[in-house]
Amino acid sequence: ADPVKVAAIYTVPVEQQWVSRIDKALKAAQERGEITYTFSENVANTDYERVMREYAEQGMDLVVGEAFAVERAARKVAAEYPDTAFLMGSSFGPAQPNFAVFDNWIHEPSYLSGMIAGATTKSNVIGMVGGYAIPEVNRLMNAFMEGATSVNPDVKFLVTFINSWYDPPKAKEAAFAMIDKGADILYAERFGVSDAAKEKGILAIGNVIDTASDYPGTILSSALWHMEPTIDKAIGLVASDTFEPADFGPYSFMSYGGGSFVVDESLAPADAVSAAKAKEQEILDGLFRVNVNDSEPKSTM
Amino acid sequence: MTEILDILISANFWAAALRIATPLIFGVIGALVCERAGVLNLGIEGIFTAGAMAGWMAVWLGAGLWGGVLVAAMAGAFFGLIHAILTVPLGLSQHVSGIGVTLFATSLSYFIYRTALPDVSSPPRIEAFKPLDIPGLSDLPFLGPALFQQTPLTFLALLLVAVTAYVLYRTPLGLAIQAVGDNPAAVESQGLSVYAIRIGTVVAGSAIMALGGAFLTMSAFDAFFFGMVNGRGWICIALTVFASWRPGKALIGALLFGAFDAFQVRLQTEVGSFIPGQVFLMMPYLLSIAALIVVARRADYPRALLVPYFRGQR
Amino acid sequence: MIRFEPRGPSSVSRMLGISIAAAVAALVLAAIPMAFAGLSVFEAYSLMAKGAFGSLFAFTEMLTRATPLILTGLAAAVAFRAKLWNIGAEGQLYAGALAAVAVGTGVISAPPYLLIPMVIVAGALAGGLVMLGPTLLKTRLGVDEVVTTLLLNFIILLFVQMMLEGPMKDPMGMGWPQSEPILDEAALPKLMDRMRIHWGLVIALVSSLGVYFLLKRTVWGFEIRAVGENAAAARHAGIPVTATFIRVGLLSGALAGLAGVGEVAGLKGYLTADLSPGFGYSGIVVAMLAGLSPAGVVLAALFIASIFVGADSMSRATGVSNYLADLIVAMALLCVLVSGLFLRFKIRFVGSQANPEAAE
Amino acid sequence: MAGPAQDAGVVLRLDGITKRFGALTANGDVSLDLKQGEILALLGENGAGKTTLMNILFGHYVADEGRVMVSPDGSGLSELEPGSPHAALQAGIGMVHQHFTLAENLSALDNILLGTERLAALSSSRAPARRKLEELMARSGLTVSLDARISQLSVGEKQRVEILKALYRDARVLVLDEPTAVLTPQESDTLFATLKKLADDGLGIIFISHKLAEVLASSHRVAVLRGGRKVADLPTAECDRRKLAELMVGHAIVETMRSPGTPGAPLFVLNKASAGHGRDALHAVDLTLKSGEILGIAGVSGNGQTTLARVISGLEPLTQGSMTLEGTVIGHASARTMIDNGLARIPEDRHHDGIVGAMSVSENLAIEAIRKPENQRLGLLRFSAMRERARNLIKAYDIRCQSEDSPARLLSGGNIQKIVLARTLETVPKVVLAAQPSRGLDVGATSDVHKRLLAARDRGAGVILISEDLDELMRLSDRIAVIHRGHLSEAEPSETLDRGSLGLRMAGHNAEDAA
């Protein structure tokens, strides 16, 4: 069969952690010869609808993107191009006839990395630096905090949002400020935070992407997101003409391999690692559900 | 209250203020130099980006850190030259030319970066400047951590303030720059070329600005990101007015802004649970306006700022 | 050595010729990065033209993108005419959008013929009021407005984010920082079915006519021009300089606010903090390209919008990085800027040996 | 070509200079020689092309035809590179421009040093320069405080800095474009004494002036330009006032003489009025202007005249005292209320405060009355009425311009002044405030301004004439008061005053000393 024609529309450059996961999965599929892949990055909100239409008009089979700030327009365009499949990052549900949704549901591994952090911190202060307080970020931070307090009720959190996706120098400064306040573990939602941790010789928690090799000895644990299950599923459905608007969110869950938890066992206490692993198994077995909480996390000091 | 005091007396806070201020110092000195010669350079935001990208890429390609600094300065000089040609001999609107240069430098940097590195999911890193350990000074109590654990570019920025002040006030070239920003006819009637001085100054000023960008990718961080300049250039334009076009005051203004910013991230973790985060982020801007109101009446504009000079025209 | 000699008003054919030359120069320049990216230049240009004008969809998209540019361009043009350097149209645009959302999302219920004007007025008022601050600081305390308006852009955007995460957050938005949707009765109607083009364009065109009329034919316009050209002489002649600045500030801010109204009430339907990709800053470019003339603003906005939309679409059709679009816009801008010179001046290249005897 | 004999002592030769600006020929085939030690006066109406000619000589403009020859070291004439001030300076030409070319943000010393040192030099060698300048100042009598910022200097001091700039570079030829336009009589006298001394030292000097008295008193030779062409070049000894005036304008000039006025009731009164601060402040000034009189205010500029004019114009509030117009106290004045109350104002700096250069002549003629019904209806401008009125005024006041639609910026100084006169006097004002109304104007334009002021007086208006030109004051004023350091003396009938005692009082000596 011909390769599936896939176009992706990103509102940020592909370096952005979130988007880079989608890009990676699509590029892998392209490598395998299953799809042809093209994308537009850094698309302004106001241009999003036009770009969607242009791709649809070009006869794309599948359009992948993020509908978050353009929810209504995206759904309207999709409805007008029923022959194209749309797989959009969204906090809302799928819509007939062709609008499927996904999201980064890696709150489970985030919880687990929280358990590791809570058990490892000596100062009982954990700093968290985020870009913007949007649900996709809040959810993971909240799960992380819950995981940490579940093993260490005394742990306190410092939370800062820097109001930018890509200002690593600024994220780094925010992280330094937290280190000054006594944080000995930093939750690295943004580029720059792990650098501060590394410079000051403390630990960091990775998020979405695996940066352990860039910061040896610094990344204590990470909650990783893998878009491959989601993308591969969608491509398969489109290729076999059986695409249905569905919620692809679960493909980001650990049980589908869409989320994973890694820990540097040389940095974490052994009992914390085993506790986390045990919890991981419970999650995979469906015995434990991590709460989903999208509200903005606040400092607790 | 005591928390606030704690912040202000911590050496780390002042070290952060100086770090945050460093790109601004380069930017404001560069902008100030251009404006002293009568040319507003709104290309600054793009020149920052170009400096950040070019300097980083040079290092990444193996030019070495100081080689990267040089390349960044050259990139700044290149865009400065475009702005200078458009605004000085051609006398075009400094506002549009500046914004045009910002658009041009930014989009060219992005385009080159993306064309050169189409397939990076995680931006490549370089080995960035490390904080200098100056034996003796770095170990001083308070001052050591506050002042002497910075990267070489921070010291370069401080040095540049002194050099700029010296050149501006003590050398024939500086006098000519000051004069050309006040009354170009005075310069021409003394046999000097208004165009040469203005173009040269804008090129030099833009090269300095670009170092502010280079600091971001080669000192404050070790990779290049789209949008990472994040309005810092515009802040420098504001700081120039605040500084009344004086290098010393420019340093103070940049440090003040750096301190506001370092202060707000610290305050955010203190009382962030009651007050929306944006309030803190607004603080540096609001305080800059407040500071400007205090100094406004004394602002001493270069009289020929924004005014193109044509020989033999009424 | 280059010498410029001012020339009188240019003929239409000359202006046309120069515009075409500028466009050609821009296209030649833009061919460099295109070739660099491995594109066939001619194909790229035909795709560009298609992207901006090739279909009804493309054309209306281009007009839709030009709509806010016309308004922010007018905002800059009016203010710059009085030498009030308003660099804050971006912030005023957001203020207008915020006000439109505040009025138009259900706080007031009224039929469209009442609600739409209320939304428009609220947006204009909010933009105007935002500009009032810097204007008063300038006239009362001598604070430089370039700086205050520039810094206000950051402050207002943060304020909008604060409102969107706080009191004005859409409870149905799944936690996303966005406003509630504008009611149907408050939305500016679309001009065409299935297309995004909306009544904001009409507002923009009418505003440009209005500004033209104001500057050209009214006492206030006369006073604005006089203050802008020579504030000292205007004051000596009994023109209320302060009042004129305030009027201009309000008008300029209101026009930028209208741009925000159009974007939320006409285009998006609700407010997010990434509403504008820098329309306020582009407005300055539009205004200056237009030589601060209201009619020129419309043309300049169409020019910028068509280059962007065309180049953006071309980058997609050819699979080149879409950062190319911004690059082409920047190059076109610089070319047009330079071409303006040929309208204002005769340019003579004087050899270094200007001495006629030297040749003998 | 001129033989060597004729070249003897010639330090500068302009040879067939032609310069066109579009259709306008600013200089047509002008040739001129300047000898060593000679003071040449260059005369001509406003717009005759004097400044243009000097700008070509100095390299600011490039001539369309003709050439400039200089003899830098007295050895022989060689052609000067056109279009290069640098070359002109190298050849020993020093130029004092009609408008100061000084950087206000630098000290006098730095302005003089500008361009004399290598730009790449690592420091400015101020100390040796200061020594040389102190010697120069002692020799020439041109003293200034070298460390003061230019912005703090008076116009006279600025003028001296300009000349020092040239002398510091060892100029052999000194060109001064209307050097005395802004100087007081005393300053002018000192300047010419200095120039004489410099000429005796071997400098060739060209100066441009509209003041015939000083031309006759101080020059060796006179060249006259009319319409861009040289119409006369003759020894000063062969000239007199009338002849020069005639050469300039091409016909005889009748100088305006005042007939005694018939003063009426007090019209405008300042009572213990104080305003402003610093050098230019007013201190408890009493002034009474009657209708039908011209009240002259004599004084060296910078003694409070500017503040006085601003107060009367409604641009600056009184800090103490009161202002009364026709018996009504004017509390919170603005420019608008004063104009509406019948004040006509001729500002000192007509380019800066008088006209909006980018607007048309007709708009400038309407600007003060733009809100009057004759210019607008319901906020809409009445263009045809405005232009109609402009055409009438252009005719009545003989304003030379291409049309009522040309930008006012393009007009000459004299014609700009006529715009101001036309729009203010046309309203039949009760009070006319004329500040330095003939500064920089040629004889023809000056006599025109004087006629208009006298006509306003004869119509019953009260005129306040602020001037540094004692001839003008004596010729026009019914009474004269002297302003010094913000204090205004009692006005006395001009018949009882003479130039000498006025000059002394302007310098700060009180009436008894003067008498």
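Per-chain numbering from 1; labels A, B, C and D assigned in written order.
As a working rule, a contact is a pair of C-beta atoms (placed from the backbone, for glycine too) under 8 Å apart; a residue touches a chain by one contact, two chains touch by 3 or more.
None of the values given here were measured: they were computed from a predicted structure.
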Which chains make contact with chain A and with chain B at once?
C
Roughly how many whole angstrom separate the Cα centroids of chain C and chain D?
45
Taking each chain's mean CA coordinate, chain A and chain C are separated, in whole Å, by 36
I'd like the Å distance between the centres of chain B and chain C, where a centre is the mean of that chain's Cα atoms.
27
Would you please write down the residue numbers of chain B that are in contact with two or more other chains?
278, 281, 311
Would you mind listing the residues of chain D that make contact with two or more other chains?
62
Quick check on chain A: which residues sit in contact with 2+ other chains?
42, 133, 163
Chain-chain contacts, ordered by label, are A-B, A-C, B-C, B-D, C-D
As the complex stands, chain A meets chain C at residues 11, 38, 40-47, 49-51, 53-55, 57-58, 68-69, 72-73, 80, 91-92, 132-135, 138, 163, 294-296
As the complex stands, chain B meets chain C at residues 82, 86, 89-93, 95-97, 99-101, 103-104, 106-108, 110-111, 114-115, 118, 231, 234, 237-238, 241-242, 276, 278-279, 281-282, 285-286, 288-289, 292-293, 296-297, 299, 310-311, 313
Within the complex, chain B is touched by chain A residues 13-15, 20, 23-24, 27, 42, 127, 133, 158-161, 163-170, 172-174, 176-178, 180-181, 191-192, 195, 209, 211, 214, 298-301
The residues of chain C that touch chain A in their complex are 57, 61, 65, 158, 161, 165, 173-178, 181, 194, 196, 263, 267-270, 272, 274-277, 309, 312-313, 315-317, 319, 321-323
Residue ranges of chain D in contact with chain C within the complex
22, 62, 67, 79, 81-83, 313, 315, 334-336, 338-340, 345, 347, 352-359, 363, 367-368, 370-371, 375-376, 379-381, 383
